[in-house]
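The structure under discussion appears below in the form of structure tokens.
Chain IDs A, B and C follow the sequence of writing; residue 1 opens each chain.
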Amino acid sequence: MDELETKIESVLFWKGEPMSRKKLATILKVSENEINDAVEKLKNNLAHRGIVLQEKENEINLGTAPQISNLIEELRKEELNKELSKATLETLSIVLYKNGATRAEIDYIRGVNSSFTLRALSVRGLVEKTVSETDNRRYIYKPTFELLSFMGVAKIEDLPDYEQVNNSIHNAVKEEDVVAEELPIQNLEDETTFEN
Amino acid sequence: MDELETKIESVLFWKGEPMSRKKLATILKVSENEINDAVEKLKNNLAHRGIVLQEKENEINLGTAPQISNLIEELRKEELNKELSKATLETLSIVLYKNGATRAEIDYIRGVNSSFTLRALSVRGLVEKTVSETDNRRYIYKPTFELLSFMGVAKIEDLPDYEQVNNSIHNAVKEEDVVAEELPIQNLEDETTFEN
Amino acid sequence: METESSSQIYTVKTEAFEGPFGLLLDLVEKRKLFINDVSLASVTEDFLSHMNSLGDSGSLSPAEITSFIQVAATLILIKSKSLLPNLSLTDEEQGDIKNLEERLRLYRIFMGLGGSVKSSFGKEMIFAPLERKNEILVFLPDSRITKDTMMEFARNVLGGMPKKVFLPEVEVRKVINIEEVIDNLTQRIQSAITMSFAEFSGKKSGQHTRAEKVTVIVSFLAMLEMIRNGILNAVQNNHMEDIIIEKIPDSALVEEVAGEIN
């Protein structure tokens, strides 16, 4: 294990929360490319261990290996809320397999207004609302590390059939903007609603 | 890495504090000898990494590698001295005006998960986590005495418009049922997501 | 909370919340059909009568009624066109039909994915480490924590929460609009019947005799009348009910506070 890799592992362990690669580069006084290389190595090193490295966009995080799930669950004092309503499942599958979606896109696919479902998912920490990188007037609901953790995947691409599904739906959803105005309540609400 | 070693690493990583070999043997349903062998292997495996295995009498623990201690100390100072985010201040205001709140209540009012912001507030001694007097399975976040005196209030009721804002918060949390109707998700008792 | 197996057949009355696509897809799939205009035309009557009974039972919120009605309007178009091929549709109407098919296909994809999410969710999980204990007790406040800023933040976050309000007028307008759509379609169908009178007698009509075809159309018109009344009932039963919408938070206030401090 090289020095940078060691440091990254240490810092992530100490922090116990997700950190951005950018932040790590600043702290460790190296380039982001160097961070990326070291993270790749660290990930390989952790491949068959009790700790996994999770990745999401620019952030990385350490967690327990999914195969130990039952054991840790037993050790926890509090019960996990694993309940998912039909509305929640639909919404989560859209947010996951599209790797982030606007509320208009979600409403378009579901045929119903999803604002309450999205708020509840956000309260549970399973999705987060972020400003679109390409259009700062739009909000995108994205999967959180917490959601990836519940799904037991280190990164979004590890979801079953992700690649295949993601390709096929991207081709199919192009027309969403045209129809967004048809949706109930849509126009009454502003996307800033849940901002914090 | 064999299975037992993986499990030990996972549990120690998750727990973040020293555990006795005996306790590990009980949890993992193996003999103490088996634990000793696996711990020896784990120690060797971790020898040149960012996470090290520490032993003290009969207890073992995972910690950051000693050669990284200066870096960690720097990070700790930086974390303690950085400006509080808007999200953190917002969370603090609810803890103050609710005069003690569960994380679920704070999440519900804010519409987002507040684990990280509550952690940031705890680390800086602004709020403290206590077990609820009425329900010992629930944690309540309370403002610290130091915070109140820093703000120049002798008691929480001296906050401006305390009664009115406090009432609004109580009503907002009560209305929870109304909103949860469509989304059978919200559970005030549920502190589980990130926390223990 | 659903604990039922995925094989359980959709039942209209029991589900607390089921959007129009769930119902429509179920009707199409029960008949083992592909999603296209032909299959949608064949399930239109079923969809409308299910919708009507949902409306009568009062189990739909106004927002839900609206989303069902939107789909119903498009289905009625599809059905009318299938009964009367010479009925001319506007570009917008044709667009609605194409969109409905596409949305339904997408919805089916995500319904399936929802099943796979359900089967992995919470099974083999990754856990974040427990909160590390604070070894050193410190008190490190921030100059922005004052009595006034805390009050502003608290008021602001409360102001941003979803509020209960009355059914917005626009919802009612959309519902009224569907009435017009039905009236308008009824007229168009009636005049199309006259226009295509000759066509009915021709051999193009396949197995249907002229009399049969007229009967089908007349009963569809009767159905439309029933739906029209059903929608009115649903609206009358529901439109005074509260629904909840989001209030736009006055985030400017927080910024103002922050600005004052900086």
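In this text, a contact is a pair of C-beta atoms (placed from the backbone, for glycine too) under 8 Å apart; a residue touches a chain by one contact, two chains touch by 3 or more.
Quick caveat, the model's predicted, so the values are computed rather than measured.
Visitor: Among the chains, which has its CA centre at the largest distance from chain B's?
Guide: C
Visitor: Name the most central chain, where centre means the mean of Cα atoms.
Guide: A
Visitor: Report the inter-centroid distance (CA atoms only) between chain A and chain C in whole Å.
Guide: 27
Visitor: Report the inter-centroid distance (CA atoms only) between chain A and chain B in whole Å.
Guide: 21
Visitor: Averaged over CA atoms, how far is the centre of chain B from the centre of chain C? Could you give it in whole Å?
Guide: Roughly 40 Å separates the two chain centres.
Visitor: On chain B, where are the residues touching two or more other chains?
Guide: In chain B, residues 13-16, 86, 90, 110-111, 119, 179, 182, 184, 194-196 touch at least two other chains, as defined above.
Visitor: Check each residue of chain C and list the ones that touch at least two other chains.
Guide: Touching at least two other chains: 1, 17, 127-129, 131-132, 157, 160, 162, 244.
Visitor: With touch defined as at the start, can you tell me which chain C residues reach chain B in the complex?
Guide: 1, 16-17, 61, 127-134, 137-142, 144-158, 160-162, 164, 244, 254, 258
Visitor: How about chain B: which of its residues touch chain A in the complex?
Guide: 1, 5-11, 13-16, 27-28, 48-51, 62, 64-65, 67-68, 71-72, 75, 86-87, 90, 107-108, 110-113, 115-116, 119, 137, 179-180, 182-187, 190-196
Visitor: Enumerate the contact residues on chain C facing chain A in the complex.
Guide: 1-2, 15, 17-22, 63-64, 66-67, 70-71, 95, 99, 102-103, 105-107, 109-111, 113-118, 120-129, 131-132, 157, 160, 162, 168, 170-171, 174, 244-249, 251
Visitor: Show me the residue ranges of chain B that touch chain C in the complex, using the header's touch definition.
Guide: Chain B reaches chain C through residues 13-17, 80-81, 83-84, 86, 89-90, 92-94, 96-97, 109-111, 119, 122-126, 144, 146-147, 150-153, 159-161, 165, 168-169, 172, 175, 178-179, 182, 184, 194-196.
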